[in-house]
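Dropping the structure in here first, questions after.
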Amino acid sequence: MSTIERVGVSLEKDLLGQFDEFIGKQGYTNRSEAIRDLIRDRLSQEQLANPHVEAIAGVFLVYDHHATKLADKLLHLQHTHLLQVISSTHIHLDHHTCLEMIILRGNVGRIEHLANHMASLKGVKLSRIALMTPGGKFG
Amino acid sequence: MSTIERVGVSLEKDLLGQFDEFIGKQGYTNRSEAIRDLIRDRLSQEQLANPHVEAIAGVFLVYDHHATKLADKLLHLQHTHLLQVISSTHIHLDHHTCLEMIILRGNVGRIEHLANHMASLKGVKLSRIALMTPGGKFG
Amino acid sequence: MSTIERVGVSLEKDLLGQFDEFIGKQGYTNRSEAIRDLIRDRLSQEQLANPHVEAIAGVFLVYDHHATKLADKLLHLQHTHLLQVISSTHIHLDHHTCLEMIILRGNVGRIEHLANHMASLKGVKLSRIALMTPGGKFG
Amino acid sequence: MSTIERVGVSLEKDLLGQFDEFIGKQGYTNRSEAIRDLIRDRLSQEQLANPHVEAIAGVFLVYDHHATKLADKLLHLQHTHLLQVISSTHIHLDHHTCLEMIILRGNVGRIEHLANHMASLKGVKLSRIALMTPGGKFG
């Protein structure tokens, strides 16, 4: 935890009014908190553009659970890459289809490489990746 | 499972060569599979632009686990929204920071509304949302 | 022009230090200006998610200028849609390839519909669309 | 222009039906053309992730045209960066607000650096950048 500073920001009254309305709808009860979240999000995006930065990622795979040996191949990939696989959650979407949600920690380049490889396997129909910087970096 | 059709696609030789090289690097062993994935991804993105379509989502929250009553508030929000919360995974990133990964099912508009609300809570530092169409729609 | 208000924002010292370093690299000489830009950008993105909101857009089309009647078709489309075409700039990229940059004003849904239609024409190889809210809305 | 090859692609009947419906709405009259566009778009995005690759970009700036010396500063920046400024289009949005649309050619890293710098100037309210690979690379 770092110490708190208070800074002054000048804004046009109209802009401030629109912002307050927007953050109110989102659920914020505090304007500072909303501005801090904008700042953290922007810094995080900037950092994640660097393939060598350490990140935490959620990889989602929608796949056909009848696909031959797919579960084995996914497991094998997770074990042979230089990444820390933190957890894996398996969900049955319907009779044919599963969702696998894998949380990884490692550098951005390696995470994307592994995610692309998993997405390319026969039987995987859709994939998404959500990248984040571990929050501890922002005090 | 639906029946398979075979269609012919005309491509410039250079474009085909670049595509084959690209998908090889990603891990594809089969060109049809790579083209199917492009098509599924494009259709999925189009569908998810509609706030009324049913989706499955992973919501990621990086938060300060010392924040007062945050865990209670997150749990309360999950119980009071008209969404099916499928699972929730909690991971300790460091002494101060946690990652919560919540899988939701429901329409896109409601998912985004709940995700924004959770992101707005004091103590939540970063949030990401990954939206997918349940794969069963694509046969 | 609206009147200026000054508001106080509380931030962790570490977060503020990282933000100041980041905006310095981008070229900002003033922290308020950087925060205002974050706020305007977030509000603008939110508004543009509504297909009925008025926007201004740049549509970029990379195309093969030997494609039969493509220029005529592009011109025809611009004249038959309920959008204000503000300007069109044509650039020769190489012997075969042109870039057309069309600035449009109208609601988001109609802009995207027209942009998709132009992108679908035979001979158009790549397309991009950049959407903005007219800045006057933010005082 | 390179020679044309014809390749076969296997697709589930349902997926093909959905794709045909989608591309029909977009304006395509030819399925091969739609698949080629998907492939070009994916390859182009991949290439643009490399900061050293040559790109063409449209930079949009919405700005307050009463801002002191802003036009001079924008012009100065365009002349002092190692980028080819191809064209610049100026549009009056309302009494206070202008849109400047600048087309640049150069490597991705430099384009983004210049665009960020222009966006950081006092008086610039919103900015967007659209990056493309010059189409000639795809035959």
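Letters A, B, C and D mark the chains in the order given here, with residues in each chain numbered from 1 onward.
The rule is simple: a contact is a pair of C-beta atoms (placed from the backbone, for glycine too) under 8 Å apart; a residue touches a chain by one contact, two chains touch by 3 or more.
What you see is a predicted model; the values in this text were computed from it and never measured.
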Chains in simultaneous contact with chain B and chain D | none
In whole angstrom, what separates the CA-based centres of chain A and chain B?
-> 9
Taking each chain's mean CA coordinate, chain A and chain D are separated, in whole Å, by 25
For chain B, residues that touch 2 or more chains besides their own | 1, 40, 138
Just say which it is for the chain contacts: an open line, a closed ring, a star, complete, or other.
-> ring
Name the touching chain pairs, please: which are they?
-> A-B, A-C, B-D, C-D
In the complex, chain C residues that touch chain D | 1, 23, 26-30, 33-34, 37, 40-41, 44, 56, 58, 60, 62-64, 86-87, 89, 91, 93-94, 96-97, 99, 101, 103, 116-117, 119-122, 124-126, 128-136, 138
Chain D residues within the chain B interface of the complex | 1-16, 18-19, 22, 31-32, 35-36, 38-40, 42-43, 46, 138-139
